[in-house]
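A single structure is presented below for examination.
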């Protein structure tokens, strides 16, 4: 395997007194798509949210262990979460564009981070939207509200918005679960294009989706990482009984 | 000599203009650094705000300290105020300007200050409570050094007129002032009871009708209309009770061969009850609608009528919420001032006859504190003692309603 | 199985129960109608005022005693408010000296009330026929009472208006808004977006709910003891009143702002955090703008409440006799509801209709404010 972009070692997480992750060790490869699968409540979304410290805001949430991004511990005391999140972007389950224009949705983050001056804005908007394969659909209505788009378009707008910050890693938390099959197909196609430039880690409930788009797959169960490996291996010859039971639909 | 208002104006203008200068300076410095050395950790605006916070925090803090000492009468020098507070602000600002370099985390610094600012704002509500408690407690305590607590709580005669003379040092051997508050509380409770006798049945049935019988459209019209009743200022109700309702009550009493005072307890009680109707109806409407539909369906499926379902299933389920609304309404009635000041009497009267004039706690507070005040006379201080009792009663009622809601509300999940 | 007669009885009980509900609603609506009809009926006469045509003689004697300007028979019919302007008028127009001009003068409130046929008008018997005769000759006429809106309080009922009280209300409310809205909004932001979940935060929350239930008159005691006695704010001033009302309005604003902040969906915050916005930026750029309509509505409702409030203002002395609009927030001032209160305790009959008219002005403003709040809520309501 090539060099790890993110490596997680012995990661434990508590919500209050409830231990939700019991010592996870996993490495995510650069410029690959890794799918996190498992039944509801298994900890896959929790792990995902650890990777850009979105869990910080949850009251009573405590983390122990190491998460290294390019060899640097993201939980070290001098780490600025804001900087971290510009490197590790996130796309959420439900499309959540800001109730502003499409243009403003894209330029918001680059503006607050001072990444681009006024003259570069238009160009940034176009490249971001193009990369998210939505430019042709919205180029004539850039100043209309993002919330007026269809669900699939909104999700691609959210991806474009994330790309505009130029992150290395994009986390996707069930990005297609609120979308219809056609919109889902478009997002999957997009993910396939994006992996040439970005490290993508996605949570999904849909095993066909994991099989279709990911290079690696991690199976979680009850807060433990049960199995991790190449997607083709996991789906054809799983090493663990639990993994096999899950992917063959015996539970979950 | 500058007046306080002048000092205030000068101070605010000075700190505002200096803040603008500090902001612009720091922002431009940041932009210059960015051009020379590359991308900054924080945006230039944060550097500006950082400079403003370095200037304002010590300046405003010291000015605040100064005002406390000034109010305590310890210092009185505008020069001192300006020199010390702005001096400290400048020193702190200049020390802070050294931080203006590429990797300085101005954003974190500004966020910390602003979070503290929000926290300070939240503290003001605590200080308001403390202010009310202590202002009432302190003067009430002075009152109880003059009048024994026991006499105040159990005495049946309120006759403070001579206290004012004693306070002014002109006691000419008249009657001893009496501060028995029993008739005042009796009057308060009588008017409250009358009000609740109007508000509870009307409010509750209005709520039942709106939530159980009325169509969505009718309800959406009725609810705001009823709430107009709560939006009418109490001074208006007071005028209406005194000018329109009181004479009506007197005439009606005459028709029955009874004698009624123009300052009878009935008129303010009735009007206060009407004022409280929307209070009861809105809160009850909310709790009745919160009763889950399956509960009603279950009852109706057993063959009960709509009214039986409401009486046997819906109201018992909503009961804690209704009791809480009732307690809050009682506290509102006891604390209500203008209606009783304008329509009830001034003379303390221990009676059970609602056609006679009675007086209330709030009336006596207003009477004692409007016009001449002597803060060493029991007459003025009595207002604070009455205020203390009023505060305790309302707090107990409010906490009681919270407990009722917490302890007895059923969870349906 | 229940017998048919039993069922009939139960259905009758059912009908009766519904009728109680209708009766309760009907009672409230009837009262509301009766109330508005009564107040408007009492207020309407105040918007008309009698004016009387008198021959004014501009002579030297007028300068020292303005009563000498008009014939004796008229002196009890014309308002002093008119007569006392004559010396200045003569000074401004010296050419009038020695002439006699017929002029329309503000009639005395007794004449006004007598012609409006109000009981207790107080016009002496000997003047009545004269007044009636003048009215027949069109030497007395009723005009729109513009003075009511352009004058302050006056001991002469015919000259009393709401202007000083309205200006006082504006000043007081301005202070209330400037103090209560920023502090209230900041408190709500702290509690919703920043506060750690600990005992102290819970204490603040409980405390705010208690504050909302404390009777307004106790805020008056606070204002008197702290603002006036300790901090030395002048008694009766708009500043004392405004600060007192600000503390009283604070819980209303905090509670409604918190509700508005809470209605902004978590997904918007997630989106902004995910893009690397800081805590403060999420609040300032996203949450606050989206909650703004709700905050505005809550502030307007709090403001309307403060505007109708009287009791705490009486305690801080804002029921003084104020004939002129206050020129600064440190000067003695009165507010509209306090003016209503002072007029209502005047014995002159003409003040009763002015009280009702003052109430009408107050109600129109308050109901418009509340309607505005409802409109804004409907207009900007966002469904997520």
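Residue numbering begins at 1 within each chain, and the chains themselves are lettered A, B and C in the order written.
Rule of thumb we're sticking to: a residue touches a chain if its C-beta (ideal position, glycine included) is under 8 Å from a C-beta of that chain, and two chains touch if they have at least 3 such contacts.
From a predicted model like this one, the values you see are computed outputs, not experimental measurements.
S.K.: Could you let me know which interface, B-C or A-C, is made of more C-beta pairs in contact?
M.R.: B-C
S.K.: Please find which chain has its CA centre nearest to the centre of all protein CA atoms in view.
M.R.: That would be chain B.
S.K.: Calculate how many whole Å lie between the centre of subunit A and the centre of subunit B, each centre taken as the average of the chain's C-alpha atoms.
M.R.: The computed centroid separation for subunit A versus subunit B comes out at 49 Å.
S.K.: Would you kindly tell me how far, in whole Å, the mean C-alpha position of subunit C lies from that of subunit A?
M.R.: Centre-to-centre distance between subunit A and subunit C: 57 Å.
S.K.: Between subunit B and subunit C, tell me the centre distance in angstrom, where each centre is the average of that chain's C-alpha atoms.
M.R.: Distance between chain centres: 19 Å.
S.K.: Can you list every residue of subunit B that touches 2 or more other chains, as numbers and ranges?
M.R.: Residues 107.
S.K.: Can you pull out the residues of subunit A that are in contact with at least two other chains?
M.R.: Where subunit A meets two or more other chains at a single residue, that happens at 82, 112-113.
S.K.: Among all residues of subunit C, which ones touch two or more of the remaining chains?
M.R.: Correct list: 278.
S.K.: Under the touch definition given earlier, write down the residues of subunit C that touch subunit A in their complex.
M.R.: Of all residues in subunit C, those touching subunit A are 196-197, 265, 267-268, 270-278, 281, 285-286, 290, 382.
S.K.: Which stretch or stretches of subunit A touch subunit B in the complex?
M.R.: Touching subunit B: residues 80, 82, 112-114 of subunit A.
S.K.: Considering the complex alone, what residue numbers of subunit A touch subunit C?
M.R.: Spelled out, the residues of subunit A in touch with subunit C are 52, 54, 57, 59-60, 82-86, 89-92, 94, 96-99, 108-109, 112-113, 158, 161-162, 165.
S.K.: Where on subunit B is subunit C touching in the complex?
M.R.: 4-5, 71, 107, 110-111, 114-115, 117-119, 121-122, 124-126, 128-129, 131-132, 135-136, 138-139, 201-206, 208-210, 212-213, 222, 224-226, 228-229, 231-236, 238-240, 242-244, 274, 277, 305-308, 310-311, 328, 331-332, 334-338, 341-342, 362, 365-366, 369-370, 375, 383-384, 387, 390-391, 394-395, 397-399, 402
S.K.: Enumerate the contact residues on subunit C facing subunit B in the complex.
M.R.: Subunit C reaches subunit B through residues 10-11, 13-14, 16-18, 20-25, 27-29, 31-32, 35, 38-39, 42, 182-183, 186-187, 189-191, 194-195, 203-204, 206-211, 213-222, 224-226, 229-232, 247, 250-251, 254, 278-280, 304, 307-311, 314-315, 317, 319, 328-330, 337-338, 340-341, 344-345, 352, 355-356, 359, 362-363, 366-367, 370, 374.
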